[in-house]
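In what comes next, subunit A is part of two complexes: it sits with subunit B in the first one and with subunit C in the second one.
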Partner chain A sequence: MAEALRVYALLAWTWTRAAAQYPVSMIMLTLTTVALTLLDLAAIALIFVHTDRLAGFSGTEVMFLYATSLVPFAMADIVLGTAERLGQHVREGSLDTMLVRPVSPLIQLATEDFTPRRLGKLLPGVVVLAVALERADVDWTPGRIVMIPLMLVSGTLIFGALWVITAAFQFVVVDGREATSSVTYGGAFLTQYPMHIFGRDFVRTLTFVLPLAFVNWQPALYVLDRPDPHGLPAAARFASPAVAAVLCVLAALAWRAGLRRYRSTGN
Partner chain B sequence: MGVYLRVAGYAFRRYSTYRVATASAVVTNTVFGFLRAYILIALWQARPQLGGYDVADAVAFSFLTQALIGPVNVFAGSLELTGRIRTGDVAVDLHRPVDLQGWWLADDLGRAVFALVFRGVPTLAAGMVAFGIPLPGPATLAAFLGSAALAVLVGFALRYLVSLCCFWLGDERGLHTVSTVSTMFFSGMILPLVVFPGPLGEVARALPWAALIQVPADVFLGRHTGTGLLGVYAFQAAWAVALLGAGRALTRAARHRLMIHGG
Partner chain C sequence: MIEMRDVSRTFVIRSRDGRRLRRSRTVVRAVDGISFTIGAGEFVGYLGPNGAGKSTTIKMLTGILAASAGSVRVAGLDPARQRTALARRIGVVFGQRTTLWWDLPLRDSLTLIRHLYRVDAAAHRARLAELTEVLDLGPFLGTPVRQLSLGQRMRGDLAAALLHDPPLLVLDEPTIGLDVISKATVRGFLERRNAEQGTTVVLTTHDLGDIERLCRRVMVIDHGRLAYDGGLDRLRATAGAQRVLVVDLARPGEPVDLPGVSVMRVEGPRQWLAIPQGSSAAAVIAELTGRYEVRDIALREPDIEDVITRLYRAGRGSREAVQ
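Let's turn to the complex of A and B:
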């Protein structure tokens, strides 16, 4: 594990130095990533120009959901986001090159093109989280205070596992990258909103099949002290770490199964 | 003329080869259609009749935006031409006895027709079936097709301009993202422009990006008929002519500018 982290850091640093050869481009790209990330916040702001509450949630509460979705997603995306390029590497045969190198292909994929630009996604999330926490009308008990870092870490692990699972899916369906975006980017988008605005069956799928409800929705119900509109038991609010752990195991299994199944395109 | 038809035909065939990729794009467009529809339903429950839409209009709008992503190529930023300018392959394109802009327009139209039929139609159909939204009459559908065609023209003209900037910039990725962000925000992709308040709304509705998604969607919803329809056609056509004209001028300038590295 320590060795994997060391190799990851080394490769990420190498790619960063490569990106730093074009400093103006790197800064511009970081700024445009911030702008792209803020589009979703602009949508939320425009919605709350017209109404004080969206399905019973105030603007500050939705901001809290936005931030607690964006921060874990950005962290997982920084570390593992480029794993979604797996299909492209299979198609072009460049995965073969990665397989003969003495480093895990997942680490090679994840560090590919690593640039500080990726931090551009995290920055707005952190700022909005600080503002939302400051403005939120929350009765801060020790439990609620501990829940904030706990939900951010569990959310990061859940999104990270989803990146790996969706990458492994591309071993089976090589051209499936676009469809996997509906899980990763779609998941990041929908967890920005109170989950009960989505249809009931939709939410069941999101709770039990893709456990997106455990990224921030269930823990947020605890922090904001709200009843679950779908009547799930209160224990669900504390299930995020367990869900994250199970999903990480599943992701590891999926990745190994995919890699075993891999047949080169024969370049 | 024949050569442009062939270029368009080949582009259509090229895109039709990637069936799994097309199907997976439809999946994602449809999923996002659902997500955006539910968000707008929540907003319209709080504010019925906001911007002159009812809930059904807002739901249809969500799926229309997703259906138009493919044909208008919202996330693309620019054309494949960009890569050819960077590598110098554009020298080959400039040697062809065909107009550079015309060639890429034909290529993009072939792509757009394929995307409209095989990405747009299934996405829209899924949403209309799931939410039980009735299809508009044949006259409205025909009007929509006209408006969608003009949207594709404006979309191409914008992306062609971004591509040509690569002659001067070398690294176009920054400009790409600026173009994508403006397109997403000002076209109605993230929220219908009818909910943009005050002067922001007025400005957004006058910019060329409104011609990409908002205008065709409104035509589909039957909000423009008769002379009103001619008015929005004129709006789209004016932007198409202006931007294509700018593209021609920039092409001329780029020809003088071109210097192929090495090889």
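Let's turn to the complex of A and C:
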């Protein structure tokens, strides 16, 4: 694990320096990122200024849900976002050059084109979270305070694991990038709103098939001291770390299986 | 260093035929029961027409692909299962694509490789200095890889593959697209590396110049099977290639009549005589000069290119005969 982090940092730093070879392009892209981030924030502000309640949740609570999805999503995106390019590398044969290096191809993929600009994706989520936490009408017990970082970390791991699983899917369906995006970006969209504005069966599916409800919904119910509209046992609210751990194991297995498949089928 | 036993590799190709939705499934045997052993310090050329299974073999040696059947051992490891460990013990160069970082100066790519392979700083400095000198990297160490010429890039790739001092170097078409001078540099380097450091080298190529200049041992693969494995000299004999005597007679005339010698071509006073295998050229020349008035004689060794073409054709012929 330490070795993986060391190599990740090394490659990320290398890509950053590679990007710095094109200073004009880097500045332009950074400005674009800043502009888009500000637009994002403006759009969010606009929504919450006009929203008092959404499905029984107050504006601040919705904001809290929104931010606790956005932050883990951005973190997973920063760390693993480019893993979805796998299909492209399989098609072009460049995966082969990754396989002759003594480094996991997943790390090589994830660090591809890394620039510190990626960190900018965190900004909108962090700002909204800060506002939501400051305004939220929450009885801050130690448990609730601990739950905040815990849910952010678990959420990041859940998103990251789903990302790896869907990327691994591209070993099977080489043109699976669209499928990958629908899961990852679609997942982010769903968790940004209180879950029960969606249908009950739908939520059940999400809870058990794509355990996105554990990114923020279940732990948020605990922080906001709300009963579960769908009647899941209270233990579900503390299940996020366990769900994250299980998903990470599944992701590792899926990735290995995918790589094994690539090696046994080739292209 | 390398041991392959009864190695096969099949690919399943699915294709849609015509407008129908039915998909056909074809099993292709890219490599079909190959066995060979390569010892430490050997220099082996791996030849074959496009699609013969060369790259597939290379991919199995380097752990990119797993074998469908048979056993592969490289540097004492199972490449498909111990890919990362193997990567530290072999150097791999793909002629068609670089393993360097496109936008980084060559020096930075090489430094990164030092960290990825965990080479200690002193050893790295010494090796880099040596490779820089031998491959003449000095003038472009600070240039981003994307701006390098193909020849420079290939030298950079070679350096990158050798910085961790692997005992085995695997090259897939290392001279493809290079100009004459770059080819000579690369060949000279590989030759020295093999002779001086004892690095085992396996290379695939279409360039028979590589083979003639470098490889003491040649393996020819055709349709997934080894058509030949041995020295270059024996290859000529195996393929049934003949030496040719080009004779300039004093005056034009009928094709010469010598026992066992067939005349391949006549052009005025010049005639091309095929020397049968096992016959001595000296005997044929003695016979010839005894009977005819000869102005000039040249002896042509069979061209390696001819030899290979004959070998491929022979393979194809026997296959068709079987079918």
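Going forward, the second predicted complex is superposed on the first by the 234 of 267 C-alpha atoms of A that agree within 3 Å, B and C clash if a C-alpha of one lies under 4 Å from a C-alpha of the other, contacts with A are read in each partner's own complex, and residues count from 1 in each chain.
One rule holds for everything that comes next: a contact is a pair of C-beta atoms (placed from the backbone, for glycine too) under 8 Å apart; a residue touches a chain by one contact, two chains touch by 3 or more.
Remember, predicted model here, so these are calculated numbers, not experimental data.
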{"item": "Which superposed partner A:L10 touches (first subunit B, second subunit C, both, neither)", "value": "second"}
{"item": "Which of subunit B and subunit C A:Q21 touches, first, second, both or neither", "value": "second"}
{"item": "Subunit B versus subunit C, judged by how many residues of subunit A each one touches", "value": "B"}
{"item": "First, second, both or neither for A:D96, with subunit B first and subunit C second", "value": "second"}
{"item": "First, second, both or neither for A:R256, with subunit B first and subunit C second", "value": "neither"}
{"item": "Which superposed partner A:T32 touches (first subunit B, second subunit C, both, neither)", "value": "first"}
{"item": "Touched partner set for A:S264, first subunit B, second subunit C, both or neither", "value": "second"}
{"item": "Shared subunit A surface residues [contacts with subunit B and with subunit C]", "value": "22"}
{"item": "List of subunit A residues in touch with subunit B within their complex", "value": "22, 25, 28-29, 32-33, 35-36, 39-40, 42-43, 46-47, 49-51, 53-55, 173-182, 186, 189-190, 193, 197-199, 202"}
{"item": "Residues of subunit C touching subunit A in the complex", "value": "9, 11-12, 56, 59, 62-66, 68, 80, 83-85, 87-88, 90, 92, 94, 97-99, 101-104, 108, 112, 115-117, 144"}
{"item": "Residues of subunit B touching subunit A in the complex", "value": "18, 20-21, 23-25, 27-28, 31-32, 34-35, 38-39, 41-43, 45-47, 50, 171, 173-174, 177-178, 180-181, 184-185, 190-191, 195-197"}
{"item": "Subunit A to subunit C touching residues, read off their complex", "value": "7, 10-11, 14-15, 17-19, 21-22, 93-94, 96-97, 99-104, 260, 263-266"}
